[in-house]
C-alpha cells in the first residue's frame, strides 16, 4: 500500500506535523499557509491562525492566494487592524510560532527576501521584508519552509532581511531578541534544526528516497548532519488526501474570475 | 465635511505633482479606480507610499508617475514579482525610482505616529537585519525607564491618502469592514484624503464599534462601484485571483504592459455609473 | 484557553495578596461582582490600577485592601468625591494609600505599552503641569528625527486584569461592545486575566471587526449576570445613576459605609444564578 | 416680556453660544457637556461631540451623568477605544475646541483639579486630571466653564493640573504646546478672555444685573476689565426653553433606578 507523493507534499506534511494543536501561529502566505491549514485540517483542529492582514483565528476552506483574501476574515474569530496585529499580538508576545517562507537561508537560518546582488543596484529585486523580520524577532519560536537548492541554501546572504540565529551561539540573546528564533527549517529534501549549542543548521531528518549527496549538492555550505539522522515519516493516506483536496479546491477557486468580472464580460469587451 | 464629488474632480483638486500619496488597502479595498484616474490625469514626480505596492503601484510606476516608493513588501501576492517595480529598480525604466524600505511592523508604527500627531513611532524591530543599513531613517530610542534600545521610525504624513471602502452615507461618513488594514490610520495621518466607495446610502447601519471614518476627516468621497477591482470589496465582490495571476504575464514585457494600460486605463475614463470590473487580460 | 469557572474560584486561584490588579471598564462594564468577591475573600496589600477608580475602588480602599492606587481621575462621575478614597489620602483611613497619578492620555499609553510588549509609552502630554513633580515615573524621550522632547510613561503590566463583558461563547471567546474603554488593552497588558460576562452563549454573533477577546488570552471566564451593576452593560441594563448619587451619602461616614458593605457585600456571596443588581441604598 | 433666568442658566447659554456649528468639540462632563448639548440643540445642530470614553458624534437626548453613559455610545456615529480617542483624535490634532470644567483657575486660566493644600498631605483631595491636561494642551482652542467665587478664582493654584497660558505671553509656544489654549472662561458672572498680548484673563462681558464689584469680590486677583466691557446678551426664550427641557428630562432620567434594580426589589430587600 505504498503511497506515491511528491517532494513538495512531504515537505508540507513534515512542516504541518510540527504545529501542535492549540498553539497560536502567525502564518506567512504560500507554503507556510498551506502547511498550517493542513495541520488545522488534520491533527490540530484548535490551531489558532493569525494572518498579518488582521484575521485572528482564521479557518479558510481554500488556501488564500494573498495574505488578505476575504475568507480569512469571514472565517476568523475577529479581524483587527494590521497595526493592532503587529503591535498587540506579535510584539505583545502572543504568538507561539511564527511560520515563514524564504527566498534564501544561510547556515544560521537567517533569511533573505530583499535582493540578490548589491542593495543599491540589485541583480534581482525580491519583494522585501513584509511582516517577516518582526515575526522572526518576536514570535516564541519560528519555523521556516522553503525548497532546498543551491540558490536558496547559500553560504552568505546578500541581505539579511529577517534574523535567524545571526552568527550563531547566543547571538539572539546578545542583541535582545524576545523569541527563540528558528527551531526548524523544513525543505523538500529533509528537516534541519539548529544545533543546540552553535545554532548551526543540522540535517536531522531526510525524506525517503533522498540521498545525503543530493542534500549536500543543494546546500552551498558544508552541511552538518546529525549523528542520529532519521528518515522522515512519509505522508499518511489521510494527510495526502486532505492536502490534495485542499489544493484542488484552491486551484478551482483561484481559476475563477473575480465575482465582478464575469457579469461584465459582454459590456466590457472592447477588443 | 467631505464633499461628495466625482473621482476625476477629486483627483484634479486634491492631488498635485510632487505630492506624497498613500493609496492603502491591505489586499482588500485597494483603490484601483482612483489610482487609474491619477494615471489618466498624468500626475508626475509622486512619492508613492503603500505597505504592499500591489498591482496598482506597479501600474503607476510603469507609467512613470513615481519618483520614490515607500513600502514594506513589493510582490504580486501569491504570484511572484511586480515586474514594473523590478524594472524600475533593476533597470531604471521608465525612470529611476528611489526607494525607502521598511517592514510591515515599521510602516504601521509610522502611520500610527502620523495619525497620532507624533514625530516618530517606536517598535521592537529590525534587530539583526540589514534594513537599517539600507534605510537611514530607521533609528533608535532608549527607554528612559529600562535603558533598553528600541527601533524608531519617522511618522508618515502623506499629502493625500486614498482608500476604498464599502459605503458612505449622504453626509460623507464612511463604513469600512472586513480586512481593514491601515485604512483609518492612513486617512488620519494625511493632510487631505479621498475615499472611494461602492455605494452611497441613506444610513450606514454601522455596527457598534465599527470602523467608521467620520465625514469631517475626509476631503472627498467619490462613488466608485467596483472601484477596488481586481482586488475586492467584502460583501460586494470577490478578489479576481485569476487577474492577479494574469498580471504576471501582462506586466513582464514593457510593450505588453503599455498596450494593456492604453486599452484598459488610458482610454477608459471612470464613470460613476459603470463598475470598474472590466480589466481585460 | 480560558477556563469557565465561578467568580469565587477565579478570584481564589488567580488573585494573590500583594498583586497589582487592574479592574477596568470606562463607566461601562465595571466589574463590580468580581470586585466584591475580592473584598469578600479578603485580599490584602493590593496595588489597584484603574483610570477611574469609581465606586468599586472606593469600596476596596474603604475596606482596607489597597496599599497603592494608580489612577487618572478619582471622582464619583457627575456626583462629586469618592469619600473613601479621600479619607484614605487625607486621613490615612483605614490605612495609608500610596498614589501614582497620571492623566487619561498617559494611562492609555501605559496600558498600550503593556499590551504591546514595550517598556514605555510615548505621548504629547503633561507639558506645563505639576504632574511630573508629583509622579516621578513621568519622564521624557527625545525624538531621534526632530529632536523634540515628548513625555514617556512606563508600561503597565498588571498581575491580573479583570473586566466585565456582555457575553462569552462556550469556548471562552468574549464579545465586548458599546463603550469599550481600555478593556482589550488591560487584558492584553496583564499576566493573568478574569472576564466576567452577562451570559454564555453558543455563538457570539460578533459583527466583523468587533472587539473580541479570544479565549486563549484569558485565564478565566465567569458567568456573572448583573455583574457590572450599578454600572451598566449595554444591551442588558442601564447604569443606575440614582445609586451613584446615593453613594455620596452612604460613603460619607465610615460607619454608614461599613454597615452598607456588611449588608450588601460581605454577607451576600455572589451566585451565578442571581443577578448582582441588588445593592441597597 | 422679560425672561427670568438664573445665573447658571446665563452661564450655560453664554458658553453654548461660543460653539460654532460644524466644529469638533471634545466635551468634559458636567457644565461643559450641558452647554455643548444646548448648542447642538439650538444654533449648532452639526456640532460634533467627542467624549473621552470613546463616542464620536454623540447626540444624547438627556445629559449624561457620567462621561460614559450608554446613550453617548448608542447615539454616536461610532465608538472607539479610549486609547484611540486620546491618541488619534485628540493628540492627532482633530479637535477644534476642548471644553473643560475646573475646580480652580488662576489669572492665566491654568486649572487645578488635583488638590487643595500640599500634594503629599492635601486638605482636600480633588478627583485629579482625567483627560483635561492633554485636552488643554492639544485641542485647537479651549473653553473653560466654572462658577466664579473666591475659592475658584484664586491668586495662586496649589497644583497646576491643566495648563492654560502658564505664566502668560508666549508661554505655550515656548514649551511647544500644539493648541492655542483657553480662548474664553465662562462663569455665572460674566465672560473672560485672555489679553491678546499678556494672555491675562480680562473680563470682556458681564451678565445683566451683575456688578463689577461683585465680579471683583469673587476674584482673588486684581481683575483686568476690558475697556470695551459689554453686557452679556440674556438668554432668549428659545434657549431657555430648550435648556430647561433638557435639564428636566435629565433630572427624570437620573432619578430613575437602573433598569436592573427595580425588577429585583422584591427579591433583594433584606432589610
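A, B, C and D label the chains in the order they appear, each numbered from 1.
Here is the rule we go by: contacts are C-beta pairs under 8 Å (C-beta built on N, C-alpha and C of every residue); 3 or more make two chains touch, one makes a residue touch a chain.
Quick caveat, the model's predicted, so the values are computed rather than measured.
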Q: Give the label of the chain whose average Cα location is farthest from that of subunit A.
A: D
(Q) Of the chain pairs A-C and A-B, which one is connected by the greater count of C-beta contacts? (A) A-B
Q) Could you state the distance in Å from the CA-based centre of subunit B to that of subunit C? A) 40
Q. Rounded to the nearest whole Å, what is the centre-to-centre distance of subunit A and subunit D, using the mean of the C-alpha atoms as each centre?
A. 56
**Q.** Approximate Å spacing (C-alpha centroids) for the pair subunit A, subunit B
**A.** 26
(Q) Can you list every residue of subunit D that touches 2 or more other chains, as numbers and ranges? (A) 73-74, 79-80, 87, 91, 138, 178
(Q) Using the touch definition from the top, which residues of subunit C touch two or more other chains? (A) 112, 117-118, 123-124, 148, 178, 180, 184-185, 208-211, 234
**Q.** Contact pairs between chains, per stated definition
**A.** A-B, A-C, B-C, B-D, C-D
Q) Any idea which subunit B residues touch subunit D in the complex? A) 1, 112, 115-118, 173, 184-185, 188, 206, 208-212, 214, 216-217
**Q.** Residue ranges of subunit A touching subunit C (in the complex, touch as defined)
**A.** 22, 24, 48, 56-57, 73-74, 77-80, 87-88, 91-94, 138, 178
Q. What does subunit D use to touch subunit C in their complex?
A. 29-30, 52-55, 64-70, 72-74, 79-83, 86-87, 90-91, 110, 114, 119, 122-134, 137-138, 159-163, 166, 171-172, 175-178, 253-261, 263-264, 267-271
**Q.** subunit B - residues contacting subunit A, complex
**A.** 26-28, 51-52, 71-75, 77-79, 81-82, 85-86, 89-90, 101-105, 108-109, 111-112, 123-131, 133-134, 148-149, 178-182, 184-185, 211, 226, 229-230, 232, 234, 236-245, 263, 268, 274-275, 277-280
**Q.** Residues on subunit C engaged by subunit B in the complex (per definition of touch)
**A.** 117-120, 122-124, 137, 139-146, 148, 150, 152, 154, 177-178, 180, 207-211, 234
